[in-house]
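Following this line, the structures themselves.
Paired with chain B in one complex and with chain C in the other, chain A is shared by the two complexes that follow.
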Partner chain A sequence: MIVDLVRSGLSPSGSRAHWFHTLQVRPRGRRGRSNSDPLGGTGCEGDAFTWGPGLQFRAAQSYLSLEKLGEGTYASVYKGISRINGQLVALKVIHMKTEEGVPFTAIREASLLKGLKHANIVLLHDIIHTRESLTLVFEYLQTDLAQYMTQHPGGLHSRNVRIFMFQLLRGLSFIHQNRILHRDLKPQNLLISYLGELKLADFGLARSKSIPSQTFSSEVVTLWYRPPDVLLGSTDYSTALDMWGAGCVFIEMLQGAPAFPGVTDVFEQLQKIWTVLGVPCEDNWPGVSLLPNYRPEWFHQSEPKQFRAVWKRLNQLPHKTEDLVQRMLTRVPTDRISALEALKHPYFSTLPPPIMHLKDMVSIFKVPGVRLETEVRDIFNPGRRIKPSLLLPAAKCW
Partner chain B sequence: MHLPSNRSPASEIREVRCVCPGCSLACVVSAMKNPGAAESRRLLGLLDGALVREARLWKVPVFKNGRIQGADISSSQHQEMILWLGEMSRLFQFCPETFALGVCVLNRLLSTVKAQPKYLKCIAFTSLVLAAKINEEDEVIGSVKDLVVRSGCSFSTAELLRMERIILDKLHWDLYTATPVDFIHIFHALLVSGHPHLIPSIGLDSGVRWDPAPEPGALPASPGHQKRPSDFQAALWTRQVQHCMACHQLWQFKGSTLALAIITLELEALTADWFSVVTDLLKRAQVDSVEFIHCKEMVDQYLHSLEFSLPANAIYIFDSAQIQEQERACSPVQHLWKARRGRGGGGSVQGDSDEYYDGFRCLYDDEEVNQGAEGGDVKHLFDPQQGKDVSPCPPLHPAVN
Partner chain C sequence: MDCCRKMTDKYLLAMTFVYFKRARFTIAEYTRKNFFIALYLANTMEEDEEESKYEIFPWVLGKNWRKQFPRFLKQRDKLWVRIEYRAAVSRRCCEEVMAIVPSHSVWQRERSAHHSGAQRQYTDRDHIRVPRGPLASPVSCALCRCDTGLDQDLGPSSAQTPNATYPHLFASLLPLETTPPRTAASCRKAARTKSHVQPSSCCCAKEVPRAQSCGSALDTSLDWISEE
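Moving on to the complex of A and B:
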């Protein structure tokens, strides 16, 4: 029903002003492609340029560090501003070990991102490399999916889940076409702009799989998002690795809780998965018994369960949602749906058709009718209630 | 080589349906069972991607009077350096792709900056370290300091790190390129998937039965077949291409051309059916045929001068001492004649010779224009009688079985 309203251009009254109240409210329409432009585009350009006559890319003094956004094992991330053009940027300051030089994560991330320009991949603006430090300058996005889900607990609006999933799969499809595996999908690495644009970030573990029969380490991907074949020790994984992670993120957005959480080692993680999908055997996964960590006797036997029985939110949604999740969270990697196929799944058929034919660099929010819905719950705005009249049809839609 | 220890026939067979880069055996099995349109599409996509990267980033130093233009580095110094990088790569147990990427980085740098000979070793070593940081899993790389110590080099880690910064800066951090080794793997996979009838003749069929639908119970019984036979051929070609990368006359050829030349030389010798296969690959790889022929000759020459081409029972027997001088004057046609002589022997081949000849004519058309001085009827070169006075070496298959 909401879909119909939006399509006919009648957005629900009152929602437009705070259609995405969680972040900055900003008039739409005047925006360019980049979402890291704090001064709102053309109007302020004159000012911005007076900031930095003579300032150049690849120079440290061209960027002003504002506040620390996060700290990782291999880098600290700061919000910053470019003195060249006034754009907001994210400054990823790489910790340099004096003995080791540039960490391999930074080299891979920078050299892979050099070749990847896509609306759903974070944009690398600049690299500042001095004797003491290395800073990767990215476009600035306001939040990430992990923070967004924390802010809106209990599961996201089903239509927003669809919009995020579409963008996640669009980004994955693009990198997979370019023979790149992300290898570290998780909500923290999916950046989100105030508009709802989702971008894959953190390519530090990513690899180019440019030749057939290449094998890799099985020590990749945060445990919760690691597929069963890799948990079992397989090293000849490919794009299906990222598809499992995407499936886990899908469930997490719907449920508001991770799909397979809270365990400490590989075997517990496998048990979590088998509890839902059943312990595999040669009959349903030929070759599984030859994988190094395959010890069926170590696992409690469990029969495969219906996804909707495990993840209750699926009960409230049309069957095609569960169908797509099932195709992504499939034990046998070669049976897992590809990102490109997933984009064509009926689950996405309610999105406006032009969304399927965008150029790489064009955001899906350029397509009329694509916009983020107000989330039902918001911890920053707990008093706010959605009009019952809005909530009801939405609930029916589920 | 980077062979997984835990590979199972069954898991590979599952890969047949894989839409993503899989293993080459899967391609074999897939090709045997069904011509696998999806698999070919995937591999062709891989090839196209590699060609795009090569076109964008491939660059080698220009030599003038035996020295790199603008620098005081001689071709033999350069060559030595690449051979040394090969040693280092083996010492550190890096995979051939890493060595190849290191050499590509080195060559790109030398063609971008004017390097002094005293820094050459440091540049080369740093190129390899950068390639390893990109290509190897971190558990393989180890610490940079340790690598420097093990290399026996006299430069310090600080110097290496300074060089690392220079290289990244000069090459704009744009290091992912397609190397000759990548092309070997891709062409090999294309061959086994697109031309399954070649499999027995190019040593891919080692007599191991690969049943695509094995009895589940039978699986654990055959863990011994983990090393895929098709890997043998790819590994051999990889070794050849690594050797060729150290030859300065061969640098001028792109990795795609070089890889295809190596594979063609082998196919020529092993199968009567090579011509259509090679033309197909040439077309797909958009390799210029004149350049290709030139490259193939030089590869042939070089590999024989190394007495390396195949293990134990080599296919051609040439007087390697004479080749150096002879080849310079040798026209492509004469060269092919030699190649044919090597392949000859079987009576069944004779009947097809006209067809081959026409094929050569096509391939060599441009060359012949240039070589007009040779004039006359080149056809006589292909006269089977001509080969009579030279004892033909019977074609020998590589020792796979």
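Moving on to the complex of A and C:
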């Protein structure tokens, strides 16, 4: 296993030991400190260590495993450090079953990410292949959107929502232009750096949608973020699949709670969506009644509701916010706004204009004036109250 | 024989070719075995329906495929390493490969719309589909049913003869259908509106046609193949 390998490769000299110690005593709260605080991140990331001239990419001993971050469906993820350049990394260690070789999810994830270099896509630095395991070495980001929302409950600062949404759509637009579907958008898979950079991660379910006739699984996307056409059993989906998920994430950031949560099967999930959007019929969705999971008894049920009546936070924001949400959470997939169109929506017009003309690899935080606001609530820092005038309406409305 | 073209349609075959180029195989490595390894990798990347590709095992490994497939999968992983983990092939890249000799019968292996898109798998869950080879073909569906006795064409062959002349590699391995050639434009159109794709009645050629001579075009720089 890679972790053992990297450990056995460690022979700390004095300076190394000191440096290692420095890392260990960094505030353990990877998730604990406020990620909206840019100063929190001034750690080792920026420093360029040249540490051992013989070390090279593709070698297990080039990375040192620090702590386990989590257990995925087919991999364990560790925080680690590159002994080549001192950068923090995330090591996704995939255990190989002897009979099956490398899981297809890993083959797809690594192959796709090899070709995707963008400021809003997690960067795959290196791949280490040994007999027992395959390790994908990613850039390290401090947190993810799910944890960020846990840390800042009750909905995020509306300006931060805009900054996160812009980056999410920028990343999606890039992969969609490359004809790749993510197929598993959810807050857990959106990584966030201390600066507020958001990056799409976990391409284990992702695939190319470039070739026209290939087979597709309909069992994609975590239920809460799965669009109604796929829930209904549609046999053809495309980039609009990810746009629905992005719309759900949008609502979740505003409300501090998932848009369509808490259900366990496809029919309950559909019912939840119809409660807000209304039950579709042939008039407003030609062909819907032919989809496998369509139920005629849904007729005479709910009428569409105003989004601002369902998700109250929209009431306090300019109308264009609700407008963009509506264009993303549209029942008919072909009517759903694309990521590229969404980036041009008036909702983003308050961002500095140069943000629209960045090169792929350039972070939006390079544009003067783009920065994360301090969130109103922080469970790890409850004492840090900002102006009561800012807090009060928030407390009243959320 | 893959009469429904579920694991050997024109795009998967184009990807197979791209992997050969990305791996920089020597002529001696243009083997039947490597062909199936690359074909299996293409299926791994593109097909969400996982079981169809298992039919490749008996084709390449013969009767004892159950014992040998773990080794075959390791070889697939080795090929993946050799192409520097770049198993993603864009549609454009596939189409450029096909454009080298667009009239080649391999590129007429169009998959029907009813074998595309998201597949509901409820029916399949009751039983696991075990590959039927090497003595039988995969179950063919009523729409694609081909009336032919050419099953053995993709059966195992004990000889591992290197196939030196590459354009004939695919031709010598695959039963080919004589389907009227389509222009690239009409293929694209058909792809966009899948309903236009006809479930073609496959009448398999008894003889394997030789590919048009195109060797010179292939020896020139094919650098674009390495681009995603």
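Rule of thumb we're sticking to: the second predicted complex is superposed on the first by the 330 of 398 C-alpha atoms of A that agree within 3 Å, B and C clash if a C-alpha of one lies under 4 Å from a C-alpha of the other, contacts with A are read in each partner's own complex, and residues count from 1 in each chain.
Basically, a contact is a pair of C-beta atoms (placed from the backbone, for glycine too) under 8 Å apart; a residue touches a chain by one contact, two chains touch by 3 or more.
Computed from a predicted model, the values in this text were never measured in an experiment.
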Fit-or-clash call for chain B and chain C when the two complexes are aligned on chain A: clash
Chain B versus chain C as contact partner of A:287, first or second or both or neither: first
Which of chain B and chain C A:334 touches, first, second, both or neither: first
Touched partner set for A:101, first chain B, second chain C, both or neither: both
Which superposed partner A:230 touches (first chain B, second chain C, both, neither): second
Which superposed partner A:111 touches (first chain B, second chain C, both, neither): both
Touching partner for A:264 - first (chain B), second (chain C), both, neither: neither
First (chain B), second (chain C), both or neither touched by A:176: first
Which partner, chain B or chain C, touches more chain A residues: B
Which of chain B and chain C A:216 touches, first, second, both or neither: both
Touching partner for A:238 - first (chain B), second (chain C), both, neither: first
Superposed model, chain B segment overlapping chain C, candidates 152-160, 314-322, 350-358 or 368-376: 152-160
Overlap of the chain B and chain C footprints on chain A, listed as residue numbers: 98-102, 104, 107-108, 110-112, 114-115, 127, 129, 178-179, 208, 210-217, 219, 233-236, 292
Contact set on chain A toward chain B in their complex: 98-104, 107-108, 110-112, 114-115, 127, 129, 131, 176-179, 208-217, 219, 233-236, 238-240, 281-283, 285-292, 332-335, 338
Footprint of chain C on chain A - complex, ascending: 98-102, 104, 107-108, 110-112, 114-115, 127, 129, 178-179, 207-208, 210-219, 230, 233-237, 292
Chain B residues touching chain A - in the complex, by the definition given at the top: 2-4, 6-25, 27, 43, 45-46, 49-50, 53, 97, 129-130, 133-134, 137-139, 141, 143-145, 157, 160-162, 164-165, 168-169, 172-176, 178, 181-182, 185-186, 188-189, 214, 216-217, 219-220, 223, 231, 234
Footprint of chain A on chain C - complex, ascending: 6, 9, 11, 41, 44-50, 52, 69-70, 73-74, 76-77, 80-81, 84-92, 94, 110-113, 115-121, 191-192, 194, 197, 228
